[in-house]
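You will see two complexes here that share chain A, one where it goes with chain B and one where it goes with chain C.
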Partner chain A sequence: MATAILRESTIMKIHYGTALAAVALVAVHVLMRLTSGGFAASLEYETVLANYRFLPYALMLEIILVLLSIHGFNGLRVILLELRQGPRYEKAVSYGCLAAMFALIAYGSRTIIMTNMGMV
Partner chain B sequence: MASVDQEEGDAGREAGTDSQDRYDGAGSSSSSGSAKTAADGNRAGVGGMINPGRYGIERVAYWLMRLSGLGLLAYFIGHIYETSSILQGKMGWDEFLAITQTTEGHILLAIVIGMCVFHTVNGIRVMLGHGGVGVGRAARPDYPYIPASQNYRHKLGIYTAIVLAAIAMMYGLAVMFGV
Partner chain C sequence: MALQAAAGQASAQQTGTQRTITLRIARSNPAHDSSTTGFDDFDVPYEKWTTVLDAILEVKKSLDHSVAVRYSCRQATCGSCGMMINGRPRLACFTKIDELNSSVITVEPLQNFPVIRDLAVGFDSLFENHREVRPYLDRENTELEGVPDGELKEYPQSPEELEQYIQFANCIKCGLCNAACPTMATDSSFLGPQALAQAYRYVGDSRDKGKDSRLKVIDDSHGIWRCHFAGSCSQVCPKGVDPAMGIQLLRGYMLGFGGGSGNNNQK
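Showing the complex of A and B:
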């Protein structure tokens, strides 16, 4: 169980740390949408492809993906543990959220890596 | 730190133990339809957790924080799936983009913007509170046992989060609809 490896207080510090870092990086991500020749133009295929192929931006997207996945699925875990408690339930929720987090990171990373490497 | 827990991390415990009822006096628990009595094992369940009726704006902030968090997680998963359509080339990307570039899509995105801003601002307020900022000095608990953290500073923080979320939603709608 995640809580057996990490103390709950440590998990909350990670939760807050990922939140603060994500706020800063997501702000950059949103500003890129607004400053790349307007909102609609920034979503055009060529613009998005160019964004993905620009390595620093692709790295930033990867970091955002990891930060928000950790924050989001830990938040879900906390909400689910507030609703119900019990050793088996808590274990299932913690491992379930951890698995979902890794699955989402893997799926998102696949898009970033394949696009950045010109496999599109 | 403990006083903030009474405010923000409150509802889970209140739903489970109904500790607030002891402070509110006899009969107060019956004023809420979803809240159960001690004879029921003090378990109001989900209904007790989301009931905003008896605990003021702090409870509203509590469930708005969780609802916006769940909404943002759902959007994030959808966004990851949506952006993966770029792997299908220009056709795939344009097809998926056309689904989102509708009036309904814009309204949904405006709601996401609102949730994001509220979650961020209220989250910073909660973090500051957990760090002891704006929760007042430690004092002896006296009747009517109002938590020190439930003060005007944090109430102002909650209202600020709601107002900023509304402004951001309007700005987002203006950008998306090209007003």
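Showing the complex of A and C:
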């Protein structure tokens, strides 16, 4: 399980760190939605594409994706570990969450990269 | 039983100078029959100074000697008589009937512990977790080399250093904090507030040198990070210990915010 590689305190430091960083970056993201011609306009198809194609913004979205995936799936792991115990179950939960996290990051990154490169 | 009152009957009555209370005692015997659990009600006379333990012992003496309860010192020192009293973990010997302001007093075994019988629960997990955090001062044997036979070696400590941990040394291992802990209710592998607070008691002690091995035990997926800081452990402690604070101090120490005695190099 993840704790075999990392100590729980290291995992929790990453957990708290990703939360703090995500709060800061999501705040920037929300402010940019509000300041770029209004919230409704910011959700229009062309505006969204333009955002993805603007490299610094796409990079920020990628970082938010990574931060929230790490934080969210570790939170899910912690909740599931409290619901049931047992070595096999805990191993399955830890590796399952890790796999789901990588899958989500890969899928999200694919969207960001393809849109940024004009493939959408 | 003729002396048993009907469930829910309000019976705090003034009969001459003596009042009576309805004591509802949870009855179960998992080793014999795990399916039968219930309550027996007893009318028990009480005075201003009568404790819940006194009332239970009165039941055992006069009404039903088969009630199983564990107790010893009767002065909140041994930590044996913890139980749920009106839904809250308390020491029966330290809880006066008068202060509960209730005509019916319900006593049940402590939550989050396996029931042995009636009000007696098994403390094996509590003591096992307590042992796991190495609840003693860890020093090198070599420090005693060169000390002449018959002479003592002192490890001096300032009042400020004592202040770091002394409240946690008041723990009597009664298990009330573990019974109140919401994490313990779902996570059977969680070390629990009692063991974690004791870990801080020794991490915070300037004479201790065993921090690394102790922190390894609590830095586990069912260790200190699973505390949700509900604070219920501190609410129910009969000795005024604040396990929730100990856990947060220990977390701070592990995150590098200081705390603990930070003196692994003490001479």
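Going forward, the second predicted complex is superposed on the first by the 120 of 120 C-alpha atoms of A that agree within 3 Å, B and C clash if a C-alpha of one lies under 4 Å from a C-alpha of the other, contacts with A are read in each partner's own complex, and residues count from 1 in each chain.
By our rule, a contact is a pair of C-beta atoms (placed from the backbone, for glycine too) under 8 Å apart; a residue touches a chain by one contact, two chains touch by 3 or more.
Here the structure is a predicted model, which means the values were calculated and not measured.
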Side-by-side fit of chain B and chain C on chain A, or clash: clash
First (chain B), second (chain C), both or neither touched by A:S9: second
Broader residue contact with chain A after superposition on the shared chain, chain B or chain C: B
First (chain B), second (chain C), both or neither touched by A:A92: neither
Which superposed partner A:V23 touches (first chain B, second chain C, both, neither): first
First, second, both or neither for A:T115, with chain B first and chain C second: first
Touched partner set for A:F39, first chain B, second chain C, both or neither: first
Chain B versus chain C as contact partner of A:E82, first or second or both or neither: both
Which of chain B and chain C A:Y52 touches, first, second, both or neither: first
Selected from 80-88, 152-160 or 206-214: the stretch of chain C that, after superposition, runs into chain B: 80-88
Interface residues of chain A shared between complexes with chain B and chain C: 12, 16, 82-83
Contacting residues of chain A [partner chain C, same complex]: 1, 3, 7-9, 11-13, 16, 78, 81-83, 85, 90
Touching residues on chain C, where the partner in the complex is chain A: 183, 186-190, 219-223, 225-226, 254-255
Touch list for chain A against partner chain B, complex: 12, 16, 19-20, 23, 26, 34, 39-40, 43, 45, 48-49, 52, 65, 68-69, 72-73, 75-76, 79, 82-83, 104, 107-108, 110-111, 114-115, 119-120
Chain A partner contacts - residues on chain B that touch it in the complex: 11-12, 15, 46, 49, 66, 69-70, 72-73, 76-77, 80-81, 83-84, 86-87, 89-90, 93-94, 97, 101, 116, 120, 123, 127, 130, 175-176, 178
